[in-house]
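What follows is a pair of complexes built around subunit A, which joins subunit B in one and subunit C in the other.
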Partner chain A sequence: MKNDVIKLSATYTKMIFRSWFQYKVDAILRSLAVFMREATSIIVIYFTLTKFDSINGWNIYEMLLLFSLVYMTYGILIIFFTGLRDFGHTVRDGSFDRYILRPRGLLFQLIFANADWFAAVGHGGLGILLFVISAAKLGVVWTPLRVLYYVFAIIGGVLIQGAIFLFLATLNIYLLETNMLKEVFYWNMRKFSGYPMSIFHKAIQFVMTFIVPFAFVNYFPAQFILRKDDMAAYSEIFMYIAPFVGIVLYMLAYLFWRFSIKYYKSSGN
Partner chain B sequence: MVICNSVIKFVLKNIDLHIPKGKVVGVIGASSSGKTTFLKLLAGLLQPESGEIYVNRCNPLGKNIATLRETAALFAKVPVFDEKENIRDYFNKIPIVYGLKKSDFDDRLRSVSEALDFEKYMDLKVTDLSFGMRRRAELGTIFCRDAKLYLIDEPCLGLDQNGKEAFYEIVRKCQREGSTVIIASHNMEDIKNVADRIILLNEGQVVFYGDIEELHKRFIPMDECFVQYEGRLPDLSDLEIEQYRIDNDKIQIRYNSNHVTSKEVIEHILSCTKIKSVHIKQEDLSESIKTAKAISENG
Partner chain C sequence: MGLTPYLAFAKKSFLSKSAYRLDHWMGILNTMIRLFIFVEIYKSLYGTREAVDGITMTMVTTNFILSLCLESFFAVDDFYLSSRINNGSIATEMLLPVSFHGRMLATNLGTAVFKLIFHFIPALLLAIFFIGMEAPAGAGNFVLFILSAILGYGVLWSISFMFQMLSFWLINVWAIMTIKNVFINVLSGSMIPLWFMPKWMSGVINFTPFASIYFSPVQIYLGNIGAAEIGMCFVKQIVWILVLMIIGKLLWIKGQKKMVVQGG
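Take a look at the complex of A and B:
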């Protein structure tokens, strides 16, 4: 059965690639378009910041480190969680029942049948590029501990956002339309997270730390190397728990999901 | 194969049923009488409010791998194909998803795709298919699996006559192989052609469960007999008939088949005169739905 699961995920992946390589130019343009679209917004910020020296003590390269973490985690995220991001559609058009009828895990099917590899290349590529640039400019010394920390921080960051997607996806079972919630709680928070959290109003800082904990995706992990002065406002411990927040959050979202599937079957939606 | 014990869900009230293995069962009833809900319960898509359901001795709700493998369900409102992939891609995934032996699956798929005649559309995407073709391919997705229970909601929607006949043939073949097939349909012709048992639902209640002959006797007993005779006018006064109409050498006789059989009517006429042709018409199955409704409304 284990072996089977690997075979199945490989088949799903192969099929996604094959259908997309039928339109090679389209596939390459897709990755490129995503890359360009996102890079443009970074360039705008870059030139804006050349007018100022820093934002709250953060210079442009330190901010690029924040951005790079957002993009790297998002790149991995849409390989695994596109199915959940677009779950509302799946529930509304009835395809969700199709997944229930198959003798396979629901999340497994949602994840592997919908992986968006090409956008992932665009986002992930940009993330890696920004990360390399900023780390080089900042002269980061890579100790094994730091490398290990970042590997886990990135995994944790993916899981945090995955948990947000899973939670919002699950809400689709109760509500017909959750795009507005996704806009507010995911996309807006994501925009905020490109800037050092300390510049925002206290309420937003609270939301980003405890409600939609985007601060653990990039702000606290970045502080692990940078140790900026504004870290004094938060507990040191946030920096160290950052890689683990994702696991806990994802577990909670998963429990909510399991509970809701039962509800789905009793309500018939 | 299927057991329902006082199942209540939405419109369905106190469903008590036992469907043995190897039967082809047609579920009929007016719109919103609970046909689809019934099938969804058996497929494990819905949880009953109360009561128990067993499919092949298991509760279909628990994500039981064996049960899901042995059940093949097709619902009118659940899309089957992904718009991004072509038909062949979808079929290639089936043996892996369901853990089937590739060679067996390929053999079965070949015979099903030939029977339903969608082999030549395999490399197209679903958006490029006409509605009828898509329906054939969709039926193919369930019959290409060797399931013990087939649940089909409105199977012949959009199928032409050839498609329908191919469908009947496949259902009969599955029955010969020992599978149970449950079909919910508005189309009485489909049901009449394949089902050996009927479930008649009216406002969520099973008002009839049994074979077609029995259904005719209970709900639609009125038969009509068209006779073309030669010679003298037969005397019909001795027969227990509802009405008759004579038009030159033709007689149209309407009678309740519970009171007098077609055989008796014909034999009686034969004893009086010579018969050139006989045509016996039973009432359409859909009349039973109306009758059931009328009975429940009049108490």
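Take a look at the complex of A and C:
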């Protein structure tokens, strides 16, 4: 069985690459488009800080570190969770019914049949680039502890967002249309997690810490090396638990999925 | 026959919008969240300063409220043509005795009217109540603002129209549309007020249609520019609409000849 899983995921990956390379111009344009769309926030923050120097004490390189963690985690995220991100579509057009008929785990199929490798390269590449530039400019000294912390923080960040996708995907079983929920609670939070959380209204800080905990994807991990003054407003513990929040959250979302999948009714005909 | 069929198309798209209620309320919430967050960012950037380069915090707030609210009702369906080419229904639609482009515009306008009433107005009222913004510089400015906003929608629609015509040559226009929208987002002033762009960048933006979408109406509303400049804004908007539509129509004529319908 174990062997089988590896073989099957390799086959899925090969299929995805084949279908991508069917239209080469399109594949290149797509990667470029993703790269540019993601760079939008960077361009905006660059122009803004050319005018204003810093935002609540964070300069441009410290801001880039915040952004880089968002992109790196997302780059890994869409290798594994694209199927869950687009789950609403799968349910609505009825193709989820096909998945049910196949003799493999639903989550397994959703994960491996949909990996978006090109976008992963676009996001991940941008993330690594920004991370390297900002760490060099900020003169970060890489102790083994810091390296270890960041490895786990990035995995944790992927799992936090994966849990959000899984949770929203599960909601699709009850509600047919959840795109706007995703827009509000995922994409907006993600867009603004590029800014130091401390500048926002207390209510938004609360949401970002306890409800859609994007703060643990980048803000607290970035504080781990930057230790900016605005960290004083939060408990130090947040910094240390950041790598583990994802694991707990993902387990909760998984239980919700297991519980709900029993109630799935097809919308197809 | 006249306008009747187009009114029917507009009405149909108006009604189909009202079917997704939850989606709709979430849309308003979404606009509000984005607004709040932009305002918070600029509050933090301004700190204790009254004004930066003569631009006050309330002017910045007004810019964001107007741009984002206008954005919420400027309905454009970037994939109207490409989806019809991909599923083949374009073949039958072109046989109908109504203009394809007329139908396209009518469908978008139906959505726009729906969003104007049920998205723009509530979002604007909420924003005025919770955030607060400047009143228009005068009654004349207000009327001109509305005119300029309508033309702004025209510019946005024409840009999309022109790019949609590329559907005849590209299998998938998603990438092109995304890149187009990056330019609109960065250069139209809805993410960074154009007052704060570096000088060289403002120079570049002057030669593009992007400032005509949201920023010209905002400038007119605030009374930041004189009569001559207001006139210039209107000329620019009209010229851009004409130029983009003409290019779009030329592409349409060329594209029709080589259209490849896949399936259907």
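We take it that the second predicted complex is superposed on the first by the 263 of 269 C-alpha atoms of A that agree within 3 Å, B and C clash if a C-alpha of one lies under 4 Å from a C-alpha of the other, contacts with A are read in each partner's own complex, and residues count from 1 in each chain.
What we mean here is this: a residue touches a chain if its C-beta (ideal position, glycine included) is under 8 Å from a C-beta of that chain, and two chains touch if they have at least 3 such contacts.
Note that the structure is predicted; figures quoted are calculated from it, not measured.
Visitor: If we overlay the two complexes on their shared chain A, which of subunit B and subunit C does A:Lys262 touch? Say first, second, both or neither.
Guide: first
Visitor: Should A:Glu183 be classified as contacting the first partner (subunit B), the second (subunit C), both, or neither?
Guide: After superposing on A, A:Glu183 lies in contact with subunit C but is clear of subunit B.
Visitor: Given the touch rule stated above, what does A:Leu8 touch, subunit B (first), subunit C (second), both, or neither?
Guide: first
Visitor: Thinking of the overlay built on chain A, is A:Asn59 touched by subunit B (first), by subunit C (second), by both, or by neither?
Guide: neither
Visitor: If you tally the residues of subunit A touched by each partner, is the higher count for subunit B or for subunit C?
Guide: Residues of subunit A touched, subunit B against subunit C: more for C.
Visitor: Using the superposition on A, tell me which residues of subunit A are in contact with subunit B and, in the other complex, with subunit C.
Guide: Common to the two interfaces on subunit A: nothing.
Visitor: So in the complex, the part of subunit A that touches subunit B is made up of which residues?
Guide: 4, 7-8, 11-12, 15, 18-19, 93-95, 97-98, 100-104, 113, 262, 265-266, 268
Visitor: Enumerate the contact residues on subunit C facing subunit A in the complex.
Guide: Contact set of subunit C toward subunit A: 20, 22-23, 26-27, 29-30, 33-34, 36-37, 40-41, 43-45, 52, 170-172, 174-176, 178-179, 181-182, 185-186, 191-192, 196-198, 201.
Visitor: Hey, which residues of subunit A end up touching subunit C in the complex?
Guide: Touch list, subunit A to subunit C: 23, 25-26, 29-30, 32-34, 36-37, 39-40, 43-44, 47-48, 50-52, 55-56, 175, 177, 179-181, 183-184, 188, 192, 195, 199-201, 204.
Visitor: In the complex of these two chains, what residues of subunit B are touching subunit A?
Guide: Residue list for subunit B touching subunit A: 10, 37, 40, 43-47, 49, 61, 63, 65, 68-69, 71, 73, 75, 77-80, 82, 84-86, 89, 92-93, 96-99.
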